[in-house]
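Below is one structure; the comments refer to it alone.
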Amino acid sequence: MTDIAAILREIHETVGRSADRGRVADYIPELAEVDPGRFGMSVVLADGSEHSVGDAAVPFSIQSVSKVFALALALGRLGDRLWSRVGREPSGLAFNSILQLEHERGIPRNPFINAGAIVVTDAVLAGHAPREYLGELLRFIRAAAEDDGIHIDDSVARSETETGHRNFALAHFLRAHGNLENPPELTLGAYFHQCAVEMTCTQLARAGRFLMAAPGMPRMVSADRVRRINALMMTCGHYDGSGDFAYRVGLPGKSGVGGGILVIAPGRAAIAVWSPGLNAQGNSKLGTEAVELLARRTGWSVFG
Amino acid sequence: MTDIAAILREIHETVGRSADRGRVADYIPELAEVDPGRFGMSVVLADGSEHSVGDAAVPFSIQSVSKVFALALALGRLGDRLWSRVGREPSGLAFNSILQLEHERGIPRNPFINAGAIVVTDAVLAGHAPREYLGELLRFIRAAAEDDGIHIDDSVARSETETGHRNFALAHFLRAHGNLENPPELTLGAYFHQCAVEMTCTQLARAGRFLMAAPGMPRMVSADRVRRINALMMTCGHYDGSGDFAYRVGLPGKSGVGGGILVIAPGRAAIAVWSPGLNAQGNSKLGTEAVELLARRTGWSVFG
Amino acid sequence: MTDIAAILREIHETVGRSADRGRVADYIPELAEVDPGRFGMSVVLADGSEHSVGDAAVPFSIQSVSKVFALALALGRLGDRLWSRVGREPSGLAFNSILQLEHERGIPRNPFINAGAIVVTDAVLAGHAPREYLGELLRFIRAAAEDDGIHIDDSVARSETETGHRNFALAHFLRAHGNLENPPELTLGAYFHQCAVEMTCTQLARAGRFLMAAPGMPRMVSADRVRRINALMMTCGHYDGSGDFAYRVGLPGKSGVGGGILVIAPGRAAIAVWSPGLNAQGNSKLGTEAVELLARRTGWSVFG
Amino acid sequence: MTDIAAILREIHETVGRSADRGRVADYIPELAEVDPGRFGMSVVLADGSEHSVGDAAVPFSIQSVSKVFALALALGRLGDRLWSRVGREPSGLAFNSILQLEHERGIPRNPFINAGAIVVTDAVLAGHAPREYLGELLRFIRAAAEDDGIHIDDSVARSETETGHRNFALAHFLRAHGNLENPPELTLGAYFHQCAVEMTCTQLARAGRFLMAAPGMPRMVSADRVRRINALMMTCGHYDGSGDFAYRVGLPGKSGVGGGILVIAPGRAAIAVWSPGLNAQGNSKLGTEAVELLARRTGWSVFG
């Protein structure tokens, strides 16, 4: 039998010895101030038991991990109509690339690159006020995590509004191609706040349980949708490092520039890891190494 | 309990009713002559039992499915040194794109796009005669399938040599970037013959058993390599339709322009399907639909 | 001796018989409403004599032709420092492409594509209010044309502000790359008003006299700068149709999406032509044909 | 009156003092061996007088300058039909880029980038043996220069055949797109020999007289074609440095990787300059500076 607690201790020790912790995102002051020495990890097993290590109770900005919850919400609301506005293929380019958008006439390649996530948020907004959308998203995440304490850090959202010129460029470009229904300011206002959701590893792992598709876990979307969201996390969840993550870890996951990663072992576990230093592809360096070690020790890779 | 035989019968009937069978590849005469009405499928389960339907005993040109066996051979021979010459990321571009090569200075994004597969073949050649390499590859495939009747169709290989201008362009381009060790003619000679391996669905499913990673199955590479090859098949196995295949089927697979697909259900089954008509991404249209239905009926998706 | 009046009559008749007048720009209502049947042309010779035909006294929106005046102003103000922020090479891509910007890290290829022109305007703004910049630009144009009646059409500028999503995307993208000093709204406000300058062919030809570099003509910038502006008009003045314009006409020119073109025959003439229908490259179709015929009849091509 | 001899002496002295002579092309041994200290320049005026300085009598490999003569030959043979296979726009990319070819489906942007020049050679070949084509090309150049001593350096041509992998890639790519009529080996054989024509500055300046379009000069093509070839040299003659050359020099010119440049002052002079060191765009560094100085001293810029 797998002793998760022991494995988590081993991981904690191993990453603790790591000299190269990657580079903390510095494009907004709030993220740059985070202590690069932080590391936390939480695992919820299919039997409901929870195991944590390190700074698992310290809240961090989930950033792009929020795209998973927004996508689940959007698929519930729009169903397959969503796919007329965004694709399902890996991008082969950096996460905030505008090249691809121009090449493919305003249809982002997948819902996890920034342009695609902006379209998803825009689609769910659908004329409502950002406040309503954000309320609904928070309700979804809180229900999934069974924790009403989860909230949005307004100062992070405001910072992004001031410095997010590339996202503004993407939004205007989408609008120019007729693939943005709301004014760029409105959609981006909602998007920046969505990215500013703050959670701990424990909360995030709990919020990811619905993607485990195990009996007794919260059921937020249909089994079919769970599979499909996991498939997208596998092929597109780590920007231009998705192939490498699949190769090394073998589990679907979604990373955020705040250093968090949500990883799913279908039928077995929901995992959240946090370490603020990023690798060259913009994914948590120690976080990736931690789940790689976890997958090796547990044999949870979906690939055999 | 899953009744595979019944599921295969249902699949056979379903695809038999399909009006749109896709478009047979016509860039070489030998492939263009294949009857678009053909359909065959074979499944080998973890218990060793085999189940087939339709034209499962008719040989076809496996084309790019051969890249899986060449990669397994190359990893056995070179180990991780291979990754200095080829990446592990989805390409985000059509399978024979030269754009990416120029952008990334001669390092193909993964071993399953043509440029990457040419590099893999070139790496295994390593100064040996194509004949030796092809002998070794055939021995590998025959051992995996436990079938000495598997052979190469020389006329298909010759046709490709005459018409494969884009592959010649790729090879010269790789050479110009210092990422081809052998003369383009030599490497491509080996590559075109490798793609011209002829197999039936039954043979192909058997040859894929080693990727199932189940007890009692032939063991051709280490368990670690099996997982990694499956991961690459999941993220890169269907060119620019890889994301869609993962989304719809949820299993690692590798397609060929001859209409064949090898699909692995880790721990459960090796599957081969063949239908010559291709979809817009160059993957077998009915073949994809067949494994999608199979995955749905069996619940074999790795994503929950 | 060349009888310009007779040549202009011939041109007027020839274009009058043209069945295909191209397509009027329709992305803002004000431009779309222009009568596609309009055609005007004015020539100012080195001796100061002026010759006009057709609708040469009807004002039109000069749009991108304004980039010539803005560049002259910017070179006067910043000198060669300008070239650290914008290049001098033809773009090889459509006029509003964002691809190139990403590829070259925020340095537009030349001052006549939209991104480059936005940088030029931003550089001249340099912290001043758009109103001041526009006042200075109008003074420059009025002095060059010796006509104080030239003004800006506010309704056109407002329309662009509302629909110019691609230009907003470019500006935010430039800002994200650190190549925009002012807030996007401010620079674009100035830019949209600059493009909304309204002139007649007669006024525009007069305003272009300083680029003729002939004795007795207004001298707005140094002889050296005149040559360089003309060089840029030759290689970059017609977006992705610049090579074709040089090939067919053999004179430096700058076109605008309103259907106007300013053409210079160095030492000989300043020419303005206007016909609202555009060709596939976004340049005035009949306008191009008219100056092609003019160059042929007069032998003014700089190429022999 | 302009004292060309004095200007050439000044130029010779100026470039003699230059510390940075650029970098000699080293991709084939024959070019790499050339003494980087060489500098020669020849000018033929409209009155037929000839003026030279430095190593103007030392033969060098004209390389891409040959594209001008091949284009003149091709236009004479095929006329405007040539333009269905090659464009007339600056490329906006490096001279041997394959990106553009893929983007525009096998139609090179202009006849002076490598892909375009290969198509031009292929079009003139038209089923004839390379030997016949090369004989015709040499006859053209010898007639233009009135010098039967001009020949091809076979060893340079052979070297390129062995190392020209990028050109082989381009040729196969063109073939794959149906824009190469002859086998790649055949067309490239002719192309590599065409590039290996050897000339002195004096010979090259004489060979360029027909582009001067002055009375008494050799007439090799119609006046109309002269203008158009000059136009193409202006917009596309220096690869991705064409805009800069037009900006700094203001004259049509065509450079070669051997360090030679042919420059035309329409109606006034044909100029050949040679200095083997290249700048970052692959054009002769001192050669460019020399003609820039010449244009400034003579006022020959076509731009006023």
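For reference, chains read A, B, C and D in written order, and residue numbers begin at 1 within each chain.
Following the convention adopted for this analysis, contacts are C-beta pairs under 8 Å (C-beta built on N, C-alpha and C of every residue); 3 or more make two chains touch, one makes a residue touch a chain.
Protein names from UniProt, one per chain: A, B, C, D = Glutaminase.
Only a predicted model underlies this, so the values are computations on that prediction, with no experimental measurement involved.
Identify the chains adjacent to both subunit A and subunit C in the sense defined at the top.
none
Of the other chains, whose C-alpha centre is the longest way from the centre of subunit B?
C
Could you please state the distance in Å, as a whole number, between where the Cα atoms of subunit A are centred and where those of subunit D are centred?
Centre separation, subunit A to subunit D: 55 Å.
Using the average of all C-alpha atoms in each chain as its centre, how far is it in Å between subunit A and subunit B?
32
Report the inter-centroid distance (CA atoms only) between subunit B and subunit D in whole Å.
47
Could you list the positions in subunit D whose residues touch two or more of the other chains?
In subunit D, no residue touches two or more other chains.
Can you work out from the touch definition every pair of chains that touches here?
A-B, A-C, B-D, C-D
Spell out the part of subunit C that touches subunit A in their complex, as residue ranges.
97-99, 102-103, 165-166, 168-173, 175-176, 184
Sort out for me which residues of subunit B touch subunit A in the complex.
Residues 87-93, 100, 109-110, 211-213, 223, 226-228, 230-232, 234-236, 240-244, 246-247, 250, 252, 264, 266-267, 301-304.
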